[in-house]
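We call the chains A, B, C and D, going by the order they appear; numbering starts again at 1 in every chain.
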Amino acid sequence: MSFLADPVNFITQWLSTLLIGWGASASFTQLILYIIGAGALTLGALFFTVFLIWLERKIGGRFQDRLGPNRLGPWGIFQPIADMLKIFTKEYITPTGADKVPFNLAPILAVGGVLAMWAVIPYASTVFGVNFNIGVVYLIAVGAIGDLGIIMAGLGSNNKYALLSGFRAVANLISYEVPMVLVLLIPVLFSGSLGMNDIVKSQQTWNIFLAPLAALIFFTTSIAENGRAPFDLLEADSELVAGFNVEYSGLKFGMFYVADFLHSFTAALVFSTVFLGGWRGPGAETIPILGFVYLILKSSLVYFLILHIRFTIPRFRIDQMMDFNWKFLTPISLVLLMVTIVIDKLIPTDLTFIRISVHWAVNILIWVAADRILSAALKSHPAKVVARPRPLARPPHVAVDEKPGGEI
Amino acid sequence: MIPLSWYLILAAALMSIGLFGVITRKNLVGALIGIELMLNAVNINLVAFWRYFHNARPEMDGLVFVALIFVVAAGETAIGLALIISAYRSRKTVDVNELNLLKG
Amino acid sequence: MSGMQVIFLIAAAVTLGSAIAAVSARKMLHAALWLVLALLGVAVIFALLEASFFAVVQVLVYIGAISILVIFAVMLSRTSLTDEGSQTNRGWWVAALGLVIVLIGVVAALSLWPKWTAMPGALPAAATDMATLGKQLVDPNGYLLPFELSSILLLAALVGAIYTAVDKKEEKP
Amino acid sequence: MSAILSPEGLLWLIPFVPFAAFGLIAIFTFRSRKLSHSLALGAAGISFIASMVVIWNALLIPDLAKNPITSQVKWLPVGDSWLMFGVMADPLTVVTLFFVAVTILMIFIYSVGYHNFGAPACNEDRPGLPPKGVIVTHNGHTQRVPSVEPMYARFFAFISLFGFAMFMLVVTDNLLGLYIGWEIMGLCSYLLIGFWYGKESARKAAIKAFITTRIGDVFMLLGLAALYSLTGTLNYQQILGNPQTLNILATTISPVAGLSWAGLIGLLLFAGTIGKSAQFPLHVWLPDAMEGPTPVSAMIHAATMVSAGVYLVARFFPLISAGWQPGLPLTTPMLAMAAIGAFTALFAASIAMTQNDVKRVLAYSTISQLGYMIAALGVGAYSAAVFHLFTHAFFKALLFLGSGSVIHGMEHGAMHTGEEIDTQDMRQMGGLRKKMPFTFWTFVAGGLALSGFPLITAGFWSKDAILAGAFSESTLVFIVLAAAALLTAFYTARQISLVFLGAARSKSAAHAVESRPAMTVPLVILALFAIAAGWIGIPKTFPLLGRLSADGFSSFIGSMLPYEVVEKLSSVPLITSLFVALGGLLLGWIAYRNIKKATQKDPLEISLGSVYRFVQHKYFVDELYEIVFIRPSIWFAEVFVAKWMDQVVLDGILNGIGKIGIGIGNVLRSGFDLPVVNGAADGIAGGTRKMGSFLRKLETGKVQQYMTGALMGLVVLFIILYSIFK
């Protein structure tokens, strides 16, 4: 294989031959290589995050009709580096009455949980951390660890906002994992394997064509999982000052910061792996580096979508969020799973177009039905007004007659 | 190569620790934690036996039971915690010794 | 003393130590976190036993769901969150003593068992294939009935938990 | 499937389709009028088609009487053998089935119109009362129009059950099946006569009909039992189609009054007929049955129920006439039938002349016509009787439905004008000829058929056959029947001229309107039958026309009889029937053509006076029964049984037993229960309480201590087991 076509394996081969030439045992070499690979992967991810931060701020600027970072370097591209330096040099503040161990453990878990996800994602036909035969389950599991970090932060820092944020994190995690797992089972069903690499390999037709609704639901739930807008209840600035990371400063805060961006990009990565055919693309089989490029392109697209949603859609209320999950997403994904299983059994795999069209039809049908039912339910049970809107602030000498019902 | 006995001793110890927690904890949540530990001890045993007395025929009996225990544990935790919360809501305490309506 | 054994010993030590901490920690929150660590240790044990699927499922179910639920319960019952006092009943050492005796007795009894020191054989490839497990679970000659029963149990637990935990006061108006 | 579509299968199908309709309506669809009557009509239609197919197949079979279409299933285990239940189609069945199917279908259709389907419902209408009509505003002017029957679906359920019973009675092949259908019909007539149970008179009439017919049925059941105990079977073929059985029955002497068994059984069965066909002693229920809705009257009086009685005797004619040949002296039951039938014919006809209720006239005429048939059977004119049964069904159904249509028109007029009159009183009518042409012409056709208008109408041929048969047998019967025929023609003319001719004698009559197609179409169809049904039975020996006729009928029916029927031409009955028919009609028309006012006295009353009144009160038969039977039985029930027997004797005994029981109970209580049982129970309870209060100390309410206990128990158990099984 040539270096250009497949640099990673090239280097790996070279290193192993080198080490064995130095007389290291095979297992030791393997160990060394694993360590190097892991280090390279995580470092790459972290540095990529720096770029992500800049990107997000720039795009957010565009969305909000601002310039965004524009001082340091061309297009302010060195802004995040400056921020990094600032963060490194800041003082660590541990609030009194804080629970030391969880407080300090939380950021590490937050980042670690996200980074652990990168281990199973196939970046190219030949490049992946481990070819885990149950990668999907693994993804969900370590995702849980990341949220565990958030919860620990909320509990550890002796702060009621943080605690509330922890509550919300728990609710969020427990709830949105259910439909997420359910719809993740659909690609698994199509590929007949839990391994990420097999899932990618089996996508002659991208899963999003076979299961559009599942893709949509997975997209939504993954946004909710990593607490991006409109699901950013756990760091709702207007309600709880900054959520779980109020009390953090310095690099600890930076780690949360990194974890946040990295998590959302990881969601994009996973989405494009599971539903958009991962590294698949013209020539990706022969020239793995191409596959890597394809994957990055696809996930950047998805990431842009996430950003778009984040900057355009206002935040939910917590009860709305819960209702949306338990009363809409979970039932619909259950139904979707069942129906997809049956349909896919009925249609032979080689009739691609028939298969696609039937799946589309069924998905649209389910969607419309769910929508009808939902609107009917909303008609029959209109949202009841819990509290009257607050009266306007008014000077004491001005008399404003307030109608019953609150509106002035 | 690890002999079976190690796993069994580990499981037994874990079981005892969990039991200790269940018996001695004042706090209901603590008792629940003990129960989780006991269940894990059982799981260790099951997996170990599955691993060690495995015929050529791929049989999944041990693992199946582990899966079932996972299910049971999930249900048990959910119910237990729900009970704890409602008990706390009504009695403003989760102390086992204060929840003694059955005292004769 | 192979690498496996080293890993096992470490994992077992972590598991037992954190389990002891979990049952004896004064703050419930710490206990819950110790529980997480213990469960991670068990996951490692599973991995050592080549049940990688269950290692991951252990992380998913226990750490991802159960322990988080426990923490949630701890948070919801503020007394246990703030209570700093002794969390154990008076005669705890009696229980400890008795349990140690029982443990020793059990181990002694077991050690008379001929297969006490059995060594693992080679695991057939099919045994680690999850498809086999899945087929077994839905095979009428296999474990279809327990599987269905457990699913019904889960459903019942779901309903029961919701019903028990819902705050009746909200439904009055 | 083909098994179902074979003639046998269809024969089975015929009765059970209406039954299914009844079940469905009664259980499911009784809320929906449309569904209900569609079900009933559909069932009737299916039965009709099935019947026609069966009849066609049967007619194709040569010598049907010897080898009829039959099919049997095992029904009830009796001892070691099975009581077979089956269906059969022989000539008599075919004839009966034909007119039953047609009339039932017609009546079902007619009912839809009669109960004003589609008319608006009136919220004052109560179930159990005839609909009062509802006020609607129709293109400008407000008026009262008939409203739909409140218990519409119920009516169709009942008549479906009725149809089931009648078809059952016709197609079954044994006496027991016939009896079942017979009794179900009795029930249905009770339900239907009392359909408007809100009316006192309807309730009374229903009970009257039920009780009266029961009297006959009891005798019939006796006959049935006797027959079964003698022959061991109730199957027609095995009894009637078997000469030596008949011979034995005819020759062996029964313990009763020196009658032969055949005679006795014949009389008993004939008693059933008397009840069902309302012959003389038991005729009283039929006129009162007019309280029911008109379709019901038509069903009971024309199509089905009363025909059932004649059908029974016709069916058992071989038994009744066992040992009789033309020329031999009549057997006892035949004599009884001839006597009763002839008397009833004259008797009822005379009453019919004096009645003013349009339906009662027809009721009495029905009685008299049935008397005709009975008498004909009595004198052995078998085929003539069946022939008259056949034709009579059509024209009498036609007349009843026509009268119903008239009443409907009158009610419409009464509602329109708000006049308070009896809409069934013929004196109030008149001049309906113009208002209701369809009804008029069809009614005329029916009436002429009834009065035996020569040559064209069906009634003429059948009546002529009967008269011929009577003439050849006994002159007395012949004269009586001829007189009855004269009266028949007379009151027919009276009715027609009172109802249709002349000028309207009330505002209601003036405003009467023609009924809806649902009612007139059946009228027209039945009118066609009333004219044409007779032509199949024109005797060969008849001058001129005899050449044209094949006269399939009498030979077809005659094949049921063991002996050959010889027809000898005699001009006397022919002349007589011509004379009585035309003369009666003429007299009636002359007498009643100019009745001007409703309150005007009846011409006959002027001429006859008290005799007329005597007749008009039906010879006071009802009053006689009131005095002779009803009062004594009421006295027996109220005074003897209730007061004396029940309250004195039985209550005394029961009270005595009760007192003794109480005494014993007291002794046991004070002697055994209180000290022993209660003492023991209290002791146990107290002991339990003490033990509980001692043991409660173990219940600390601390769950962990319980668990510790359980754990210790487990350890101990383990140690024990281990030390045992190691």
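The criterion applied here is as follows: a contact is a pair of C-beta atoms (placed from the backbone, for glycine too) under 8 Å apart; a residue touches a chain by one contact, two chains touch by 3 or more.
As the structure is a computational prediction, the values presented were derived from the model and not from experiment.
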item: B-D compared against C-D, more contacting pairs; value: B-D
item: Rounded Å distance, chain A centre to chain B centre (Cα mean); value: 33
item: Chain B and chain D: spacing of chain centres that average the CA atoms, whole Å; value: 80
item: Centre distance in Å when chain A and chain D are each reduced to the mean of their C-alpha atoms; value: 85
item: Set of chain A residues in contact with two or more other chains; value: none
item: Residues of chain C touching at least two other chains; value: 53, 57, 65, 67, 69, 72, 89, 95, 102
item: Residues of chain B whose C-beta touches two or more other chains; value: 19, 23-25, 97
item: Touch relationships between chains, expressed as pairs; value: A-C, B-C, B-D, C-D
item: Sites on chain B touched by chain C in the complex; value: 1-10, 12-14, 16-21, 23-27, 29-30, 32-34, 36-37, 40, 43-44, 47-48, 50-54, 56, 58-60, 63-64, 66-68, 70-79, 81-86, 88-89, 92-95, 97
item: Complex interface listing, chain C residues touching chain A; value: 27, 29-30, 33, 36, 52-53, 56-57, 59-60, 63-65, 67-69, 71-72, 75, 128, 130-131
item: Chain C residues within the chain B interface of the complex; value: 2, 4-5, 8, 12, 15-16, 19-20, 22-23, 28, 31-32, 35, 38-39, 42, 45-46, 48-51, 53-54, 57-58, 61-62, 65-67, 69-70, 72-74, 76-77, 79-80, 83, 86-89, 92, 95-96, 99-100, 102-103, 106-107, 110-111, 115-121, 123-124, 126-127, 129, 132-133, 136-137, 142-143, 146-147, 150-151, 153-154, 156-158, 160-162, 164-165, 167
item: Complex contact set, residues of chain C against chain D; value: 89, 95, 102, 105, 109, 112
item: Residue numbers on chain B that touch chain D, as the complex places them; value: 19, 22-25, 31, 96-97, 99-104
